[in-house]
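Note that chain A is present in both complexes that follow, paired respectively with chain B and with chain C.
Our next item is the complex of A and B:
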């Protein structure tokens, strides 16, 4: 097991190296410079490039970046004067993480309830309604839902603040709901199918034969077994939430890492684009690794090698 | 049924908790409407508080309101003494002598001295600082050489002795007094900048303030913070507002809605034509002028032979219906252009708007356009012409401008084929600067309220002349303005008028519209000074009734 984890971690570092390399050279294809100011004279532009080392041969810039990154120095932002990338991301990551965690908790819990309700009422009205809701939840992009929520709960019935972060907890409610709907829908469908399978299984038949009530059967037996596979879903869903919150952060003016990423691309803020890409890929890979380990722990039939 | 009960109970709980905490005031955020505090919104997060390095408009608003300079622009657009007791210049206009007021202090209570001004000017031109606005100091002795790394920083023509600062210029600069109001030239304290090192100005705690307000609660990335009255400001008794709440709201529609709920005191409605149309009849609408011109540059290098022909350019200029374009593209937010220099940029010596005075008479005349086009084609021995318009793909206004031009030009000038080339902003910039275009739509905003911020664009040796035309009459007029007439305001107005006339005569450019904006502003708020260049909103005297 430990050997396996070590192997995966080494693979992670190698993948990160590949991501850095590909991103670095892809960025060079983007036109222009980080100094997108029509007022800069060619001489001034040349001077700026020299100061920031952008006039060096590409391979040297690449090497400098790699050496810096290996030492934990991801450079300084062009757009946010003087700010080290590590500090920019360091301050914004917790914001995105809180938003993602809230959405995940709300989404998974809602999904567990709806999935169970759906399975127990298989093929009747409740199941049908929940089926429609979860299909909508999967197919409506979170940013559309975000705008609808802003309109309904921000303007029609102004119950919640629609912009900002950190002043009060209420600011987090609408963006959390907007992001939670997709994981809720996925969990609902997953739990429903798992539960239907469990309800038809031998041990549930046995429980029924023992004379347990329907409620007891679901709570004691069926639920537990159908929750296991949901655990394995959480990893990819968490990674999806972090990357998927980009537009939600724009809509609700949340100073998270996604907002940063979006703003850094048109301004060609190389160090920030690089830093954010690295953080995103690292997070995704760690999530996948955790999921794999969890799966192995939960289901002894899976062997890690 | 059980499920439905649960849902109902859950919903009820949300309403009760939500309503309860809201009533208990745990939701924060709504300081406007019930106090004297002002509440303003920014459409993007601020990027820095670094006086020398900032390039962003909104960061500039915060820097400008938390800092002071030797002079400050008043409500009439004139530079008035601020930290300076007196500003005098020599007869030849090459030496400015500034004496500071007594007892000036930084926000931390330490003494603000003449050295802090010398340092800020040295810092902006120092190539190590890598400020994109170093060019603004061009004209001050050795500024260009230092910026190019060819002279030592301490050779700059800005020196201090006691409470007197002396500026030595390489040439007379009619705009120099306005540079003394600029946020990028506000004082900075060397010992403080060195002490904070890399952290300097990256948060509100690592910045020092000389202006009406101090910034509080900005950690470098957050979207809401405050401006608090600076009691050490020299004119603190005239700053009546104790606190300004700033929040970033990125969606313009959300910002307008927050305004209507009384949560912010001022909001722009000019972001999209739709937003403007929906709100233009609101009683709180105020105009927010901008000194920005949208104009067409023609590539006159011969790369496209049609555009090297003066008659064809004349035809295109005559075929441009600026009124209709402005209405269609901006829903009437902007004004049809009458020349290169925009309205609300500067005043003439007699107090009139410069743009109105110098307007050479651009007009729309489809018949004359057609005739000129035929004449031009004949000169070239062709029967039809093809040109390509380049513009920004990332701006909706740019796209609709190109659509309009393509349609109306092709209709007015039979035999003309117009293609579109929409590229990202940075690519367009590169294409413009390397003459990789036929016709390009350019936006240019003024830096200071004086004609040269526009007329320097195409002067001899300037790198901004993307069309690379040569116009002797224009060059002569601009040269005269910056040499013999540099200290004679009335004569300079005439020079600028001649320069505009020369551009018009040769059809070197095609001015489209003067960009402008509209905002909603709380009628109880007074005293905001709006500038078209420099500090766009000055909140020093802003108060809420």
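Our next item is the complex of A and C:
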């Protein structure tokens, strides 16, 4: 077990190193420069380059960046002068994390209930309705859902605030729903098929033969065994949430790292783009790692390789 | 003794001719899948919907050229801008009247802006007076083009990569698997954005950026299928007849996993359509005046409160097309693998 975790951690660090290296060199060949203000004199430009360490040879810049990144220092933003990237990201990370966690929890819990309800009422109206809802949930991208929610509950019937963060809990409701729908739909479909499978399994047959009521069978046997595999979904879901939250943060004006990322693209704020890229990749990798380890701990049938 | 033979009647097999008759024709794999697909109404509706949409997208090249949808009359922007959808019929919400926020009665914008009597825009106009119907038509065309070409690239790269890794096995497979693992632990958004930044906008760069992320799932599935299929007897037979590896892959392996591949394609297209919209939303999409569904949505989003139809119409088109692909994909999966849905 420990050997497995160690191996995965090493692979994670190696992957992160690759991501840093590739982004660093991609940024070097990116077209355009943030210093294209025609008012800049050559002297001022040289001054700026020295400040940001851009006058050093490439390999030295790369080495500096690597050493900095290992210490959590991702350089200084081009756009907001004197603001370290790590500080910019550090301020915004908790906001994005809260939004993502809320959406994930709401989505997975809703999915567990809907999936179980769907499986227990297999092939009748409830199952059909939930099937339609979950298929819709998968095909509507979260940002379109976000726009529709803003229109319906923000403008048409103004029930919830549609922008900002941190002033009241009600601000978080619409963005959370917009992000939670896709995990909920994925979980519903998954739990439904898992549970139908376990309802037909031998141990459920045995429980029936033993004389347990349908409710007991579902609660004690079928449900528990269908919940474990849901864990394996959390990794891919986190990836979806990352993409979704970027646009959702923009739509709802939420000061998270997604919004920062989007803002830094047109202004060619390369240090911020790189920093966010690394943080995003690290977050996803850690989520996948945690999921894999949890699955291995909970389900002994998962063979560690 | 003669009476005895009369007493016994042959039961069940009246004549040898009837016995030989096969009641159902033998179905090939594809005919059988088609028979099962036809039982799934939603999938069949989705299929016809997609056929019509694709035909419309291709044929619309003749009656709504890109130039016509992009052109606007700069002198008459004030007259034609932001007109609400008008069907010409007295249907509430579709009669050219719109309620401004705060107002209680709807005003006829066509009248107040002085639009000529016979001019009607069935889906309204955008903020510089271009017909939304035409914009959505060309946008749908670009979005479908991007999604389908990206999916085709995924198909070629993913199938090639997967078959090669699975067929070779050993350390080659191991290395190729690690590469997939590493690539899939980087968020797609990041890869798509980086490539979008690097290639600098335009339809071709969007296609490449989206294709770069989409092939991973295909490669993984195809590789797993190859691992199982290559143990089959017909592969051994082909090998012992001296067939080359390439021919075995093309003639035996790929046709036998066609079902899996087709289902995967159906799931890749909506993802590609979505990523195109994401790229537009972060300013890395098609360059104006070219329109895609994504760029139409993100351009009109700022005015959502006042002109919701400009956002909701392209959004609805995007969702319907994605939904149709997903429903057809679900139907095809059940049709190709009936055991999966039988329970």
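Simple rule for what comes next: the second predicted complex is superposed on the first by the 290 of 305 C-alpha atoms of A that agree within 3 Å, B and C clash if a C-alpha of one lies under 4 Å from a C-alpha of the other, contacts with A are read in each partner's own complex, and residues count from 1 in each chain.
Just so we're on the same page, a residue touches a chain if its C-beta (ideal position, glycine included) is under 8 Å from a C-beta of that chain, and two chains touch if they have at least 3 such contacts.
Since we're looking at a predicted model, the values are computed, not measured.
After overlaying the two complexes on the shared chain, residue contacts for A:196 are found with chain C alone; chain B is out of touch. After overlaying the two complexes on the shared chain, residue contacts for A:117 are found with chain B alone; chain C is out of touch.
Of the two partner chains placed around the shared chain by superposition, chain B and chain C are both touched by A:251. With both complexes placed on chain A, chain A has more residues touched by B than by the other of chain B and chain C. Looking at the shared chain after the overlay, A:169 reaches chain B, while chain C stays out of its contact range. By the touch criterion defined above, A:148 reaches chain C but does not reach chain B. By the touch criterion defined above, A:80 lies against chain B but remains apart from chain C after alignment on the C-alpha atoms of chain A. Residue contacts after overlaying the shared chain place A:30 against chain B and chain C alike. Looking at the shared chain after the overlay, A:42 reaches chain B, while chain C stays out of its contact range.
By the touch criterion defined above, A:57 reaches neither chain B nor chain C. Under the contact criterion defined above, the residues of chain A that touch both chain B in one complex and chain C in the other are 30-31, 150, 154-155, 250-251, 266.
Remark: chain C residues 101, 181-182, 185-190, 193-194, 197-198, 200, 270, 274, 277-278, 281-284, 297, 301, 304-305, 308, 311-312, 315, 318-319, 322-323, 325-327, 330, 343 touch chain A in the complex. The part of chain A that touches chain C in the complex is made up of residues 11-12, 15, 18-19, 23, 26, 29-31, 122, 135-136, 138-141, 143-144, 147-148, 150-151, 154-155, 196-197, 200, 239, 242-243, 246-247, 250-251, 261-262, 265-266, 273, 277, 280-281, 284-285, 288. On the side of chain B, the complex with chain A involves touching residues 3, 6, 18-19, 21-22, 26-29, 44-45, 47-48, 50, 53-55, 127-128, 130, 132, 134-135, 147-149, 198-202, 219-224, 247-251, 254-255, 257-258, 261, 394, 423-427, 429-430, 432-433, 442, 444, 447, 463-464. Considering their complex, residues 30-33, 35-44, 47-48, 50-52, 79-84, 87-88, 91-92, 113, 117, 121, 126, 150, 154-155, 158-171, 173, 250-251, 253-255, 259-260, 263, 266, 268 of chain A touch chain B.
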